[in-house]
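Let me begin by presenting the structure, written as structure tokens, before commenting on it.
Letters A, B, C and D mark the chains as written, and numbering starts fresh at 1 in each.
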Amino acid sequence: MRSDTPTLLGHFERMLLIRGVEDEIARLRTAGDMVGSIHLCSGQEAVYVGAVAALDLSRDAVFPTYRGHGWALACGVPPEALFAEILGRVTGINGGRGGSAYFTAPRYGMYGENSIVGAGAPIAAGAALAAAFDGSGRVAVAAFGDGALNQGAVHEAMNFAAVRGLPVVFVVENNAYSELTPIADMTRNPELFRRASAYGMPGGRVDGNDPDAVARAMETCVRRARGGGGPALLECVTQRIVGHYIGDAQRYRPAGDLDRAVAAEPIGRLAERLTAEGVAAGELDAIRSRVADRVRAASRLALDSPPADPATALEHLYA
Amino acid sequence: MPDLTLLPAGAAGTAIETKRLSYAEAVNHALRRALRERPETLLFGEDVAKPGGVFGVTKGLHREFGDRVFDTPISESAILGGAVGAAMFGRRPIAEIMWIDFSLVALDQLVNQAPNVRYVSRGAVTAPITVRTQAGNGPGACAQHSQNLEAFFAHVPGLRVGMPSTAQDAYDMLLSAVWCDDPVVVIENRTLYHGAKSDVRLGGEVGPIGGARVRRGGSDVTVVTWGAVQNLVLDAAEELAAEGVEAEVLDLRWLNPLDLTAVQEAVARTRRLAVVHEAHTFGGFGAEVVSLVAESGLDLLAPPVRIGAAPARIPSAVSLVPGVLPTRAKIADGLRRLVRGETVRDAGVLR
Amino acid sequence: MRSDTPTLLGHFERMLLIRGVEDEIARLRTAGDMVGSIHLCSGQEAVYVGAVAALDLSRDAVFPTYRGHGWALACGVPPEALFAEILGRVTGINGGRGGSAYFTAPRYGMYGENSIVGAGAPIAAGAALAAAFDGSGRVAVAAFGDGALNQGAVHEAMNFAAVRGLPVVFVVENNAYSELTPIADMTRNPELFRRASAYGMPGGRVDGNDPDAVARAMETCVRRARGGGGPALLECVTQRIVGHYIGDAQRYRPAGDLDRAVAAEPIGRLAERLTAEGVAAGELDAIRSRVADRVRAASRLALDSPPADPATALEHLYA
Amino acid sequence: MPDLTLLPAGAAGTAIETKRLSYAEAVNHALRRALRERPETLLFGEDVAKPGGVFGVTKGLHREFGDRVFDTPISESAILGGAVGAAMFGRRPIAEIMWIDFSLVALDQLVNQAPNVRYVSRGAVTAPITVRTQAGNGPGACAQHSQNLEAFFAHVPGLRVGMPSTAQDAYDMLLSAVWCDDPVVVIENRTLYHGAKSDVRLGGEVGPIGGARVRRGGSDVTVVTWGAVQNLVLDAAEELAAEGVEAEVLDLRWLNPLDLTAVQEAVARTRRLAVVHEAHTFGGFGAEVVSLVAESGLDLLAPPVRIGAAPARIPSAVSLVPGVLPTRAKIADGLRRLVRGETVRDAGVLR
């Protein structure tokens, strides 16, 4: 079953919003308004939008990585709160305490990026463990990259979730690289989803540049988990169309690799599909300019906010 | 985050009574009470449920509480990460790390994860986990099963750290930990688990974490200590008493929060400070206590003294261990020299 | 190809030696001559004797667990040095510094027990890594229990070894329990060797109570690794016929479980086979009494040695 | 263990010369020299080989040394355990842990494994690994990428720990670490990597590990410090000099072995001690320095002072960080009050 056009238009707008925010962040970082190492997710939007479409954010919980802007926006975090967070403003979603790589937005079902590779996986399993007791029907999503699969904590989390039948979906954002190193050089079995069988857990692979395909695969996993069927591993094959960090010259990508990734990126692809389904070019353009306006306004709002106050820096360490 | 209303302490009507219990039994009673009174508690770890724990500490709890008490794979990152995640959603996980040495395979969860949850979210999410573990050397234990690593945990802002050394404290401090809304590490000691029984007051109000206790009064020297080594300190104090030197023994109990007032008042009285711990002296938490006193500007009669483990790994042979760890004799000797005003430094602190 | 009778007689004697040493240790521990937690390997002897038979100890390196007495004796560590070590005597293989669970005997190719579950696996991979540079042709053996497979470090070690094609054989001593907990309750896929495929590495299972079968499977793995074919995972199915520690009442074993394990234990089984192959009862008895004498003498020698001297306890921390 | 004969230092004929180098370039030169002169060295870690490191520190080394320099999976236990195992068999692995915060997923290998190898075997096997990592806060970094954890490593007997803060030390100390037969952790600082260049003497004899350095003379107060914060200390010292107070700045460089003589001599001269580190004050290594001085019985003019991070996690916003970490102003203020004889304690040390 394929999604209907309004649903796809929703995906299109969300993906555009993510892309627009990332582009604006790149601009702000390059201009020096933002500082430090920032990881953009451009090219991978379909994973976030598709996966979140399958969730019930009033009770489900998402645990992304440092590359988490897309997850946050897909969950509904307002772009102004995201910009402000990375800018270190008092209006940031965590008042500047988290920053680009480690913010959290529990109100939106986004329970924290994690800048320690793999560390979110057992925490997500814990969220699912709570669900086994609180009757919430919560499903937890642990999202991480291809490279994270080689981290011990991810292995432990998958076995733990499998043996206890916990409602967690492990989403692998396979973008072919871990920082500057191809995953193909770092593990022998390129079909990452096959690791699931080691834990007696179902695993599968989906086109991570098709939000619709991701949503449908994710629905299967979520339904199963919510129904007591236990965890699953969903590998979403995608690509970054930007560097690992802003300023990354991507010299480690072989010739043509980036071009191919750009050609396959999900937003243009979905635009083509929508056009083929009869959506008028004008309608798509209207969405594009609405999103652009939203991004611009949000960025301005965030830039106009005051910086976080150092006098508050010692608050909230203990209860 | 779901808004789970916590039952008030004692709500399940735990009777106030006194029983003669071993340290292990006191822990067991505290766990049972927590599981009874706070339906949101969970208890898990390796071998804790069906087998009742490798030291028998969690005996009977799986039978009474069913699935809330469960065994885990040998996966410390999953145990601690699972605790953090469950705590973020209203559970009160009590996770066991069987030996403190094993925490090192998963320390990330206790340093990079648990203590950040509240801070980064400005209280919107919290991670009130209790980690029970046990530390220290015991006869025949190897270098990987003998360490005292409280200094690691005490250096992590956002983590609370306690080390009970009596059965009463094993009971009280564990309950305070579970009731506390911060992540807490409670470091027990397996050599104490099955020792002599003592009277333990059960069922009283659960107090807040924190607070040192004077274990022995004395006016000549203050010994600040924590953990099982306290028993050696008390023995050494008796030895000195026979020589006319009265040592005050202050059990710190909680390294975080640290009861600085108690330390300062005690040292102000005796004007001599010794700190005794089983952990390695170099870089150990004893240095924090000495530094806090030094910074206080208290006028001491003699330089402070630390007595802890000398720089070595912990050997297995029972005959070798006294070459490394503090002994009653080393403690008594250190205190004697402190009172005589000699500068004391374990020859082995630096190598 | 099955081994010839003299080889099997050698296995028989080695296994008897291990069993005899463990029985004597149990006696000494119960009598109070030894202290602390001691893990015996009785019932699992075929794994050690079989695996070591496939090694060249002049260059290969074995990394066992805390349950390592059997590996040490199979490697040729003199029983008197082992007894003395556990007794804390100056004549112990490490002068009493290691003890039962963490001694090392590099002269015998036994590069250290490890009492941290799983920690030996990456170290063994490192020994294999050295082999890639020193031209030794060394193969490293990482041995660990069924439960250890759920530890992050083991996962990392296997992927690391696989991706670099390192000469290491991962030997799983699947004795069905991790301390007091059945592995069947701690992972969903009871065929532990299947985890190998997650790393693109061969894996297989062998009857771990048949030293001959273990030796032949191990030879395949070792030959492959030595020839540059990379690592493998060999699951040896066996059982403890004693507690996890001395004094363990084993109440966690279901009715009949221990009896079945005793009935299947490798020494009696090999005796039957040897008898069937025509070895006279008297010859087996002669071996039995030779081993018993050796164990008794070794124990006495160790007991008569002086305890380690605390004045030496600070030596050898630094170069 | 194979008997691998090590080439003597300088054997490959490295020319003695002086070059203007950044800290990162100095590290790169040291690594290149080690790889050239000691064929048994290996260099590995995440992104260190083909990409040349996420900070560009290891650029060109894979090209020059081929398979001896290689990239690893994101598997810190495999990296450190692999280093330990390779070192036991005659290699000299130089392993990179990209951020010191990440060491916490694999600390077991640095606490329970590497330092035990020599001790338990009484020298029959050794594990001379060098672990390069980098620590500290930088603009915009999050709580999980900002910590200073040297206290953890310094508390582990058997591990050597150094923190270079100049380009020359980045070169010298790393070489000393690789040449040293103990496991050594060298903690670099990424905010120093690409700073101003300075003259670095290359190719000289590789010295043993250890030894503090006076970075600035002064007679009024001794500031013991280490790591990148030293630059703030030097700035604060200049500020004080303008007010007529001369601070001596002693860079400890090595926490283990610790140059106690240098500390004692310096403090004996000025009779005032401040310790400044970027790490959290509470339970930090500054306490060890203060304690060693206190135990020495030196007669100080004023109580010692520690200046470090206040108890909080490290926030990301640049504006928040000065609320937690030491700043030039906080350091200058602390020193001023120390010289005036006021009792100084960071209000935030205990909470």
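Convention: a contact is a pair of C-beta atoms (placed from the backbone, for glycine too) under 8 Å apart; a residue touches a chain by one contact, two chains touch by 3 or more.
Keep in mind it's a predicted model, so treat the numbers as computed, not measured.
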item	value
Farthest-lying chain, centroid of Cα atoms versus that of chain B	A
Mean-CA-position distance for chain D and chain C (Å)	40
Centre-to-centre distance between chain D and chain B (centres being mean Cα positions), rounded to whole Å	30
Centroid spacing, where centroids are CA-atom means, of chain A and chain C in whole angstrom	46
Touching two or more other chains - residues of chain C	95, 97-98, 102, 114, 116, 119, 150-153, 156, 159-160, 163, 185-187, 317-318
Of all residues in chain B, the ones touching two or more other chains	72-73, 75-77, 101-102, 104-106, 108, 112, 115-116, 119-120, 143-144, 157-158, 311-313, 315, 351
Contact graph of the chains (line, ring, star, complete, other)	complete
Residues of chain C touching chain B in the complex	34-38, 66, 86, 88-89, 92, 95-102, 114-119, 147-148, 150-153, 178-181, 185-187, 252, 307-314, 317-318
Residue numbers on chain D that touch chain A, as the complex places them	46-47, 50-51, 54, 71-77, 101-102, 104-106, 138-145, 310-313, 315-324, 348, 351
Chain D-facing residues of chain C, complex	61, 63, 94-95, 97-98, 102-104, 106-107, 111-112, 114, 116, 119, 121-134, 136, 138, 140, 152-153, 156-157, 159-160, 163-164, 315-319
Chain C contact footprint on chain A (complex, rising order)	150-153, 155-156, 159-160, 162-163, 185-189, 194-195, 197-201
Of all residues in chain B, those that touch chain D in their complex	77, 101-102, 104-108, 111-112, 115-116, 119-120, 143-144, 147, 149, 151-152, 154-155, 157-158, 255-258, 260, 279-280, 282-288, 290-292, 294-297, 302-306, 311-313, 315, 343-345, 349-351
